[in-house]
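Naming follows writing order (A, B, C, D, E, F, G and H), and every chain is counted from residue 1.
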Amino acid sequence: MRPDNLANLLTRLRDGEISVEEATDALKTLPFETLGDATIDRHRELRQGFPEVVYCEGKTDEQAADVICKLAEEGDALGSRASRRTFDIVRETRPDAVYHARARVVAVPCKERTRPIDESKYILVVAAGASDLPVAEEAAVIARYMGNRVETAYDVGVAGLHRLLSRVELLRGANVVVVVAGMDGALPSVVGGLVERPVVAVPTSVGYGAAFGGLAPLLTMLNSCAPGVAVVNIDNGFGAAAIASRINHL
Amino acid sequence: MRPDNLANLLTRLRDGEISVEEATDALKTLPFETLGDATIDRHRELRQGFPEVVYCEGKTDEQAADVICKLAEEGDALGSRASRRTFDIVRETRPDAVYHARARVVAVPCKERTRPIDESKYILVVAAGASDLPVAEEAAVIARYMGNRVETAYDVGVAGLHRLLSRVELLRGANVVVVVAGMDGALPSVVGGLVERPVVAVPTSVGYGAAFGGLAPLLTMLNSCAPGVAVVNIDNGFGAAAIASRINHL
Amino acid sequence: MRPDNLANLLTRLRDGEISVEEATDALKTLPFETLGDATIDRHRELRQGFPEVVYCEGKTDEQAADVICKLAEEGDALGSRASRRTFDIVRETRPDAVYHARARVVAVPCKERTRPIDESKYILVVAAGASDLPVAEEAAVIARYMGNRVETAYDVGVAGLHRLLSRVELLRGANVVVVVAGMDGALPSVVGGLVERPVVAVPTSVGYGAAFGGLAPLLTMLNSCAPGVAVVNIDNGFGAAAIASRINHL
Amino acid sequence: MRPDNLANLLTRLRDGEISVEEATDALKTLPFETLGDATIDRHRELRQGFPEVVYCEGKTDEQAADVICKLAEEGDALGSRASRRTFDIVRETRPDAVYHARARVVAVPCKERTRPIDESKYILVVAAGASDLPVAEEAAVIARYMGNRVETAYDVGVAGLHRLLSRVELLRGANVVVVVAGMDGALPSVVGGLVERPVVAVPTSVGYGAAFGGLAPLLTMLNSCAPGVAVVNIDNGFGAAAIASRINHL
Amino acid sequence: MRPDNLANLLTRLRDGEISVEEATDALKTLPFETLGDATIDRHRELRQGFPEVVYCEGKTDEQAADVICKLAEEGDALGSRASRRTFDIVRETRPDAVYHARARVVAVPCKERTRPIDESKYILVVAAGASDLPVAEEAAVIARYMGNRVETAYDVGVAGLHRLLSRVELLRGANVVVVVAGMDGALPSVVGGLVERPVVAVPTSVGYGAAFGGLAPLLTMLNSCAPGVAVVNIDNGFGAAAIASRINHL
Amino acid sequence: MRPDNLANLLTRLRDGEISVEEATDALKTLPFETLGDATIDRHRELRQGFPEVVYCEGKTDEQAADVICKLAEEGDALGSRASRRTFDIVRETRPDAVYHARARVVAVPCKERTRPIDESKYILVVAAGASDLPVAEEAAVIARYMGNRVETAYDVGVAGLHRLLSRVELLRGANVVVVVAGMDGALPSVVGGLVERPVVAVPTSVGYGAAFGGLAPLLTMLNSCAPGVAVVNIDNGFGAAAIASRINHL
Amino acid sequence: MRPDNLANLLTRLRDGEISVEEATDALKTLPFETLGDATIDRHRELRQGFPEVVYCEGKTDEQAADVICKLAEEGDALGSRASRRTFDIVRETRPDAVYHARARVVAVPCKERTRPIDESKYILVVAAGASDLPVAEEAAVIARYMGNRVETAYDVGVAGLHRLLSRVELLRGANVVVVVAGMDGALPSVVGGLVERPVVAVPTSVGYGAAFGGLAPLLTMLNSCAPGVAVVNIDNGFGAAAIASRINHL
Amino acid sequence: MRPDNLANLLTRLRDGEISVEEATDALKTLPFETLGDATIDRHRELRQGFPEVVYCEGKTDEQAADVICKLAEEGDALGSRASRRTFDIVRETRPDAVYHARARVVAVPCKERTRPIDESKYILVVAAGASDLPVAEEAAVIARYMGNRVETAYDVGVAGLHRLLSRVELLRGANVVVVVAGMDGALPSVVGGLVERPVVAVPTSVGYGAAFGGLAPLLTMLNSCAPGVAVVNIDNGFGAAAIASRINHL
């Protein structure tokens, strides 16, 4: 409820168009209206430019598929960390569903809602090694569904610096860079020194023993000596897509 | 060195205007020129919109002041985590130096370089409690020197939700929100659910025993259930300012 | 053995009704009697208002079912973290057994012992997200068997604050609130600021990498900036039910 | 603002007693009113039975004293972790201030507000060893100012079990038990097995190396094998008092 | 080789009974002989009173059985953490093999070597809960094979103190006490206060989330407030048996 | 109260020598008497062979001295981690006090109580490096006051193996070996392989960064590949003395 | 591109042998050439003396085999952490492939490229226990493929010191020693004290609970009291081979 | 004692040149002789090319100076982590002492022993930032005293890659590279990809909160994605010098 709506309601009450009871009822939900249209989650897609994303891990394939299908009845629906079997079940109900295998993302996009994407600026998703690709792809695929142009530069880890340096133009042209790396997690520091745009770092759980399930690259990234780097959770490609998309839509 | 410069150099060589030796010398630095103007760090301020910032902690007051003064000879100079005594020493050389006591920032701004700030968009720095203010102020003060309009909302921790809700308009008007919190670090999750813009979370080392020097709010923020949140290092107000400024300057 | 029993025993000895040997034997167990009726664990249900609960994890289905059935011979019997197969085995012996699938609780309640529940006050079990439900349900189901009225408010995580605020009356009416949350674990801090009653926080092991199996929400809750919050072990729905029931029975 | 107030406001508007503008202004703060009287923090003491408590650690003596004195202008004021020097500064302004040295608590109680304490039920504060006393006393002193009868049983660590057992009656008579222990943190498990009332466990940072600043007893308490135990932060006597008081006031 | 053996060897050389070459060969192994009879591991059983113990975890059933059978050719052979299938394979070769299922120990004892056990003193193995039994039994079974009288007291966790107190005589009669506990690991502290003999504490990996695989009871035990307690590795029943046996054989 | 005392009391009651009230009173303290003479801590020295030891760290010099002097009124008194100033204050009251500077132990031994020490067996305290000496000396000095013959072998770290091997006879002659080591904590594993007696390992907090205040040697020792090693807390020389003394007195 | 090549290129340009465009194109790749022949990874084997090694863990058997076969088309190809099934698939394409079962290494060596190995110096791979063999073998096998003579000394853990001491000559003759150990990780400290050559320590994830997946030996090794020891990641036999080979090829 | 010596001794015994007693005595020390000249630590400098280094941290200035002076009586003496005051005390006895302030190293070199340094190969010490200089200098200064040519490249952190790339020739010319870095610790990975020689990585304790005293760069370096990197302890400049010197002296 916006301020003018509030005044309007009160005016109608004063003018006897509605009763005190009706006004009281209307006002009871005021806190949520005041908090904004956040109340009606159905509208989140419209407001924030991306659909609800279902986190499938920890759910059975049936449960995951069920939630995705329900969501898909009213708009775009995405499922992250989705198995192929989840996709197969979704497809029974929604033959228009798509599966991005490497990203483990199930999507039921409703074409008519697709807004035009601003191609003049892009999110660049950078990944250090082959094992970081599932997370990088999760970020890239979801960011595209969120309405962004997305470019990628994979297998450009710092141990072979020339691979990264050969992409300097791609790096510098990006509006925001998502950097995905496991093991030593050193890539965001190097990228952060090469670009002037915000860098979103994503540690992955890939690596030998002392990587401790992603703790090592997480700490590396938090301690990046390059300014302009912020970090999301381990393996959280979705989270990286979410903030990168928010930045890119500014 | 940009491509046209390279062709130009080669043309002058071919035309005999410069010798092979001169060309060889010029080309030896090519990798750095190719990497861009990053080579000449003196130019970083011009490129990135903010001056070099000296991290004073771990340096003696004399060392810190010395570095700041040297830097100040060629442009803006900032010192973070600076003691008042560092400031006093700087002021002997630079009477135009300024000390932001709560933020522990020493600044020697050179007026003539100040670019106009775009007042139509602002970074909002939110802090949960009184003990988080030094870090929040470090972020706010440095972000201003980086050429941003900065607003603040302090003492709005989640244990008294009404304090935060009364700033909803301020929150929603921000281009990017920096959220500073210690102890439970819960504030970014709540803020992330209220705004549609990127949220940069800064854990602080404030708190009882099991805060473990900021580990607790750091983990909280990395695990934020609200999308659109990324995290910088514990107590790293400067780091938050750096990425928020990069975002705000897009 | 209560003090009057002790005097009674001694009087009977003095009066020659029992021999010194009989008195000595009776008194040998005195320490335990003095420690209270705790000695006879069969009586715990009567004293503490809830039956022994069998923790089935780490036992084979057969072992778990066996212990539950033995216990059920003398009163209520509950099994937590029980698989459906454990339930199936129990039901062979006890057709009156019940399985609460989401809570993973097997129950063999003996009706005649059921005491009337005080409906005027209730424990409220609040859960942040869908993945926290098994733990929340374990708390709710067990608390009911412990003789409490239990209400629930699920899926009210802080990233969508309106969902929680719409339950403010339910929150404020509770005698004690159990708050179950994984990931950032921020919910108890917000709830603790909204109610004036004791809050029992339960971290869950749900979440991306840096949740570290529940460590993140555990630390968050221990560092809650809201007064009136205490914490039980990760995923420990039973433990939350136990202390909430003790509080509610005051 | 309570519901009847809302209806009353609307009735007055309908009846022309106040203008639409006045009604709009009044309703603009509705969210907070709806959130309850929480809005006016000054009233927290009345609602929750205890005054605002100032956490003095991390503040200078002058800052801490200043906040306490301001608070004391409108009601009871307590400062925890307060040095004697903070107390001395407070006393210059408020000669009626009191210092609880062992508990490190400064208090400026305003007599007229003191409500009668229900002496029929008490909080029992139990401490394992001499080094746990500052935390235990912080809990005891603050709980008393929160309007509770408080009893104490100190130096009853589990290595000399008889010391604890000799207080069994005191233990069993308590309405809620706060157990403070460092080192092995084993005391709450033993107490939890002896009483049927809720137990609030407080780990302290006392101990040899592998206590790791309180981590050891914290984990011990979270893993207590006795039901009915919940845990607050390391050294957090205030937090224990807060939840124990909430429980005792039920 | 004992000193007299050395002199003997040299005398035989001087007297021409053996050649220089023979003496050189004999002395080449001198370092090991000097280090003690440790050199010939086959003799370890004779010296130390217990056979080599094969740690079967991490080996295939076939590998484990193979090592046990080889060892059994020359004396007693024990396998810890042995599956029933490992036992079945061993039994094909050695029909006299025995399987202690709860302790997961395979034994091929050679009767003729069995030395008389001193029944006048015993190792007491105490376990807190049912889930600690596999580790407790591993300690008890192996300690018996090491030539000790072993008594046990199981299910005497501190949450039901009377269970432990009813065994006080058994506790006080022991020469050395092994205490096995998971979860809060509080039992050794209580036992350490009740007996005057050395206590060997064994943390187990049993417990809810924040037990962190045995870290919680490990820290508890290391921080035991009772003197006379030392700790072995998590779940290390064999290690506890080894040191308890060394102590008991003094 | 020993069983015969109990029967005696009851006989006197039956025979009318004491009243029921007197018997009741006498029996009320039964639990503690049943727990043994533990009740009267003054008798601990007599029973356990060593006096109460006051842990001075965390106490002011005055407090520490005060407790030591009180204790010294009735027998031996020891203070560990005692500063020289604590000693100076003690000496004002007790000129017979002694200060062991390197061990940081204050002692007020009462000669007449000294029991003869069995010189035929000894505790050997082994220390890896010079920085481990304060802890080693704390163990050695206290073990001597506990009535043991103590030998020492210092500066025998594994990086210079010959230093340790030259003491093999001293090692093998010991009844129990206390091994103190920081940094890599490798010494107990080597010692455990050389002797057949129990080894008590004490990690110290000495070392470069990744020693993490003693965590590194603590873990090393817990994971010792040599059987017969148990571990006490970091820097806990007193704890090592206590268990070594218990073992040596068997 | 070496400096003389650069001058040569420029001379040819000046002399009109190539056009400005051709020179520009050639120079565009200069950064990589300047960075050295690193650009062309195919040449790595020639430069560094060892082929690309494929880390198979985390890949499906098919993926792993596919990468190995592609690599093998142009030279030596190694796969570490390779299952036998991966090997079987590789062998279908490359019948000359070899499987080192214990080391879990698949190799497709191309004989003609094999350079002569300098037999006068060797890498010694030392392993503490049987469970460390897979990692030790990975190091040994890969180091051999990297063109080194490799010797091994297995099962020489410090708990039986004589086993290590009997290999002193082998130890002292090595050019560089790789020490593989789990559990207490004490072996490198002892070896570091016996040899004067560089020691590369490899912690393994073998051990009881408090080994914490290799954390314990990792910390032990980092804190080695012997100089001349450096550490690689947990279970990282390949990493040890890589640095040992670099050292041995000096 | 080498084998021929042994045979010689035995021959002399057989021939009656020495008595059995003399032979027995000579053979008793055999183990140490077999262990080599390690027995006589005074000879370590001669053997290993560097003097004993005294670790001064944790010692009083007087103690540290005392040990250094004693050592200096017989050869080179170095003290690491030495304060200027320690140096001042040393200089009173040894006016030829030198203090390396930034490296915190005191040296009393005895000129006559100085061996010629092989200038054809050098150790390169690389440091990421200004705060890493004390550790880098400790490594460089000590490595020089160990008889190596040492070059340095400071302030070449990865956030400004051009700084590092401009030293590529210096990097590639080194025989072994020591890389010192705090914060993100990313530098060794980049260096490891640029050179073909062994890289010794040294994490430093420099950095914001989540560097956790050097844990972050330690983990980064252990997980380096570049082959050929091994790691020493946090801030352990001495340790890096020791292994780099061993490598360089091959």
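In this section, a residue touches a chain if its C-beta (ideal position, glycine included) is under 8 Å from a C-beta of that chain, and two chains touch if they have at least 3 such contacts.
None of the values given here were measured: they were computed from a predicted structure.
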Since subunit E and subunit G are copies that touch, is their contact same (over half of the numbers shared) or different (under half)?
-> different
Look at interface C-D and say which pair in G-H, A-H or B-C is its repeat, using the rule that over half of the contact pairs are identical by residue number.
-> G-H
Distance between the CA centroids of subunit B and subunit H (whole Å) is 39
Where the centres are mean C-alpha positions, what is the separation of subunit D from subunit G, in Å?
-> 60
In whole angstrom, the CA-centroid distance of subunit C from subunit G equals 55
Sequence positions of subunit F contacting 2 or more other chains | 31, 34-35, 38, 160-161, 165, 193-194, 207-208, 210-212, 215, 218, 222-223, 227, 233-234, 239
Can you identify all of the chain pairs that touch?
-> A-B, A-C, A-D, A-G, A-H, B-C, B-D, B-G, B-H, C-D, C-E, C-F, D-E, D-F, E-F, E-G, E-H, F-G, F-H, G-H
Give every residue of subunit H touching subunit E within the complex, in rising order.
-> 3, 6-7, 10-11, 13-14, 16, 20, 23-24, 27-28, 30-31, 34
Touching residues on subunit G, where the partner in the complex is subunit A = 31-32, 35, 38-39, 41, 58, 203, 205, 213-215, 218, 233-236, 239
Interface residues, subunit B side, partner subunit A - complex | 34-36, 38, 47-48, 165, 168, 172, 175-176, 193-194, 196-200, 218, 222-223, 227-234, 238-239, 242-243, 246-247, 250
Which subunit B residues qualify as touching subunit D in the complex?
-> 131, 160-162, 165-166, 206-212
Any idea which subunit C residues touch subunit B in the complex?
-> 128-129, 157-161, 183-186, 189-190, 192-194, 207-208, 210-212, 215-217, 219-227
